[in-house]
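What follows is a group of structures, each given as structure tokens.
One chain, chain A, appears in both complexes that follow, with chain B as partner in the first and chain C in the second.
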Partner chain A sequence: MTVVAASGRVWQRNWLVYRRLWHRSLAFGFLQPVLFLTAMGIGIGALLTPASLEAFGGVEYIHWLGPGLLAAMAMQTATFESTYPIMNKIMWGRNYEAMLSTPVGIRSIVFGELGWTAFRIGSLAAVFLLVLTLFGIVRSPMALLAVPVAILVGVAFSACLIAFTATQKNDVGFSAIFRFVVNPLFLFSGTFFPLAQLPDAAQAVAWATPLFHGVELIRGSILDQLDPATAPIHAAYLLVMFGIGTWFAERNLTRRMAG
Partner chain B sequence: MTTPETSTSLVHARGLTKRYANGFTAVDGVDFDVRPGKAFGFLGPNGAGKTSTMRMIACSSPVTEGTLSVIGMDPRTQARQIKSKLGVVPQIDNLDTELTVRENLEMYARYFDIPRDVANRRTDELLEFVQLDERAKDQVEPLSGGMKRRLTIARALINEPELVILDEPTTGLDPQARHLLWERLYQLKRRGATLIITTHYMDEAEQLCDHLVVMDKAKIVAEGSPRQLIDQHSTKEVLELRFDDGVRDSLNGQLDGLADRIEELPDRLLLYTADGERTLEQVNLRKIPIESALVRRSSMEDVFLRLTGRSLVE
Partner chain C sequence: MTSISQPAATPAPGALATAWTRIWRARRLVERNIMVYRHQWIIILSGVFEPIFYLIGIGLGLGGIVREVPLANGEVVAYTAYVAPALLATAAMNGAVFETIFNVFFKLNYAKTYEGVLATPMGITEIALGEMLWALMRAALYAIAMFVIMFFAGLILSPWGILMVPAALLVAASFAAAGLAGTSYLRTVNDFDVPMGLIVMPMFLFSGTFFPTTIYPDWIQVVLHATPLYHAISLIRGLSIGTVELAQLWDFVYLVAFFAICMWIAMRQMEKRLIK
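Up next is the complex of A and B:
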């Protein structure tokens, strides 16, 4: 059995569990952006004057916000999926130990889990895009590009977090990840307000962090405003992060599982 | 590297050593051969190195030093091929609690790349074999400990393995569940399967194993069939004596010469002798005030005590 085929089995195991609750997952995936866009896009957006909207590139606030939330959803879902569930399979439920007694190897586990994240984020991003369409935010078929970009954001975060989770002896570190990594990125990656509002130093920091690049690419796709000069840089950042994360995920999981 | 031993043994180990990154030596240069169609046992207390040996055989832990061949292959380079011919029953259950009983077997078959129709048929047969066919659609979590073990054994057989590795298969089970499990494993043996079993229960070792190695402190201290080991390292019978408080301290060698060997345990004395009843008569003749006496046959427990100076289960 090839690594790819074995990865498919790891993916299939997650599907077997998920198929009992997919409708619930997608319903939440629909409801969440509807609530956010209504509260923040319509509620707060209505308070903004035409002059203040200049800062958002002259588009309505809800149009500016929606794509940012999609990118943030990809990060949050990937982070959650790659912490507690992976820890469960390493330690509490020992699923990986069982899989590793079969021809399935560590690399297949890593690829299978990343493939699973890709599927989950992809389906949630498609639902999200549907919501954005219903809110009249989508302008052109270019918006479809947001789905693969969201998947890239998802697997880049997922790979790094699997690498992190593989080094953890308990789940204490996860709350730190959510508090000190995920939440600051959620707030300061140009999701809710333009980075230009921040001091120069803070803008430079944002450029160095991953979610910002995802937000820029997804917003560019959905508003059909991709900048050919910066888009490749954003994509390259995420691809490199994905590559490095995957390498460490395999290395750390090997150290953890095959002592 | 085909020597006479490797061609007839399913697992061949010479100087097999496992040293962990922290410098701890769990297995220290052990030699053994597992013959096809036999039940091979590793007997020893917790921490003797049994599980580390198992994990090296199962290709889930790299060999530090020495030679190891499993089903004629090298775990260093052919782990995937070896694993496809092994069935592993781990010490701690690792069933998939998010799947049903049946799904656990079907999914495991997928990991081995077994075609769906074959997997379905084997799943039916195995659920029946471990007497879980009526629980096929249930979740795993509500099953009893014995049922989970049986399901784990069924799962280990899904790929029709040439070698089944069972790490302490009945630890933590109640007596009834243990006997049912032993009976199933005995059936498995009768079908010609080769089993490797680790245990710290001497009754389990005697019940199931054709050939035993006794491990203690990372080394093999004795090897043979249960009968051979008992013959070699113990007497035919054992007289167990208990005394009232105080009497034991004032024995002052009154038991000398009555037995081949006397072992002092905290709660009783063990007199190793060919004829327990006769020795008891002699004890009575010497008018030594005993509280109670028991004559029994020597067991693996006695072998272990002799070899290591300690009890198996402490």
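Up next is the complex of A and C:
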């Protein structure tokens, strides 16, 4: 069996489990952005004066916030899906052990799981984009680009998190990841407020973190204001992160399953 | 259970004494939880940082753009000072709810911890009280951490603010009781979406944490004002800003009643689940 075919089987296993849950997952995928946009978008938007909107490049707050939330959703979902469920397949349910006794190898497991993340984030991003369209935030067909970018954000985080999970002996480290990595990225990547509000040093740090690049690309495509000078840098950052993460995921999982 | 172990000659203890015996016995469950968490303290400690990150994000980020918020009495207050007490209230809620929903669910359905506990002199009341007290301790840690930070950041605008910590304990007890009551209705891990996604998250977003509920039409406000988090935030924010009025007394009464009702449901449900 080729790596591609074997990865397909790993993907298919996830699909068989998910088949019973997909309607609930997509319903929450629809509800969450609706709630966030009606609360934060309209609520905080109501506190802003026309002059203060300049901080958001002159767009309404809800228009500015919506695309940022899409990028954050991709990160959060990918991170969650690559911690507890992967840990379960490594040591609680031992699914990988069973898979490895078939022609499926470590590389196929990693590719299959990443393919699964891509599918999950892709479907959720499409639902999210629908919500943004209903709120009148989408401006041009360019917005469709947000779906592949969200997938890229998702697999980049997923690869790094699989690499991390493969090194963990229990789930204690996950709460540290959520509290000290995911949550600060969610708050400080230009999702809720422009980075220009932060001190210079903090802005430099934000530039070095991954979610910021996803937020910039997704906001650029949805508001139809992609900057051709910086967009390739953002995309390259995420691609490199995805590549490095995948390499470590395969290495760490190989060591883990051998040990 | 107590009556069996009591010698016949001893007069029946008063209701207050019985209640105290039960609370005192419930401490064993708290001790058990402390022992379990000894090697996982990072899970508890990391929760301290969540409201702090929000406070920094709001203070540095949005606070510089949304400068002030109008209050009901016509005064205005700095945005960071407006949001900080609400974050203290939600920190108390989150600490209590996470403990009583996720951990109690696990003990109830997978670890079967309580079946072991029931084989000792402890009964349902002690289990419910013990879990509630433990969740209260965890939430108190988060609330006190936020209180200290607010104090040093100069975000407590009134001497009434000193009452924020006991108020946060009442909030935590209410949500711990609500969490215990709710958990007994959950059947599988996928059901967590319902309390977290349909109740806790919407309350966090809409109950006046980040902006006044007055921006919504009246009928939506009526719904929002019926939620426990709205009263928790109204009470704690009133104390922090110093706008203590009749509304805060009503918040207090609401939370006490909410606590009592949820605790009653929690005990009844746990009895159903465990004794059948």
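Throughout what follows, the second predicted complex is superposed on the first by the 258 of 259 C-alpha atoms of A that agree within 3 Å, B and C clash if a C-alpha of one lies under 4 Å from a C-alpha of the other, contacts with A are read in each partner's own complex, and residues count from 1 in each chain.
Operating definition for what follows: a contact is a pair of C-beta atoms (placed from the backbone, for glycine too) under 8 Å apart; a residue touches a chain by one contact, two chains touch by 3 or more.
If you're wondering where the values come from, they're calculated on a predicted model, not measured in any experiment.
After superposition on chain A, the partners chain B and chain C are accommodated together without colliding.
By the touch criterion defined above, A:209 lies against neither chain B nor chain C after alignment on the C-alpha atoms of chain A. By the document's definition of touching, of the two partners only chain C reaches A:36; chain B does not.
Touch criterion met: A:13 reaches chain B, while chain C stays clear of it. A count of residues in chain A touched by chain B and by chain C gives the higher number to C. In the superposition on chain A, A:99 contacts chain B only, with no contact to chain C. In the superposition on chain A, contact of A:259 is made with chain B only, not with chain C. Using the contact criterion defined above for the overlaid structures, shared-chain residue A:5 touches chain B, although it does not reach chain C. After the two structures are overlaid on chain A, the closest C-alpha atoms of chain B and chain C sit 12 Å apart. Overlap of the chain B and chain C interfaces on chain A: none, as no residue is touched by both.
Per the touch definition, chain A reaches chain B in the complex via residues 1, 5-6, 9, 12-13, 16-17, 93-95, 97-105, 257-259. Interface residues of chain A, counted against chain C in their complex, comprise 21, 24, 28, 31-32, 35-36, 39-40, 42-44, 46-48, 52, 55, 172-173, 175-176, 178-180, 183-184, 187-188, 192-193, 197-199, 202. Those residues of chain C that touch chain A in the shared complex are 39-40, 42-43, 46-47, 49-50, 53-54, 56-57, 60-62, 64-67, 69, 79, 190, 193, 197-198, 201-202, 205-206, 210-211, 215. Interface of chain B with chain A (complex): residues 20-21, 58, 60-62, 79-81, 83-84, 86, 88, 90, 92-99, 103, 107-108, 110-113, 155, 159.
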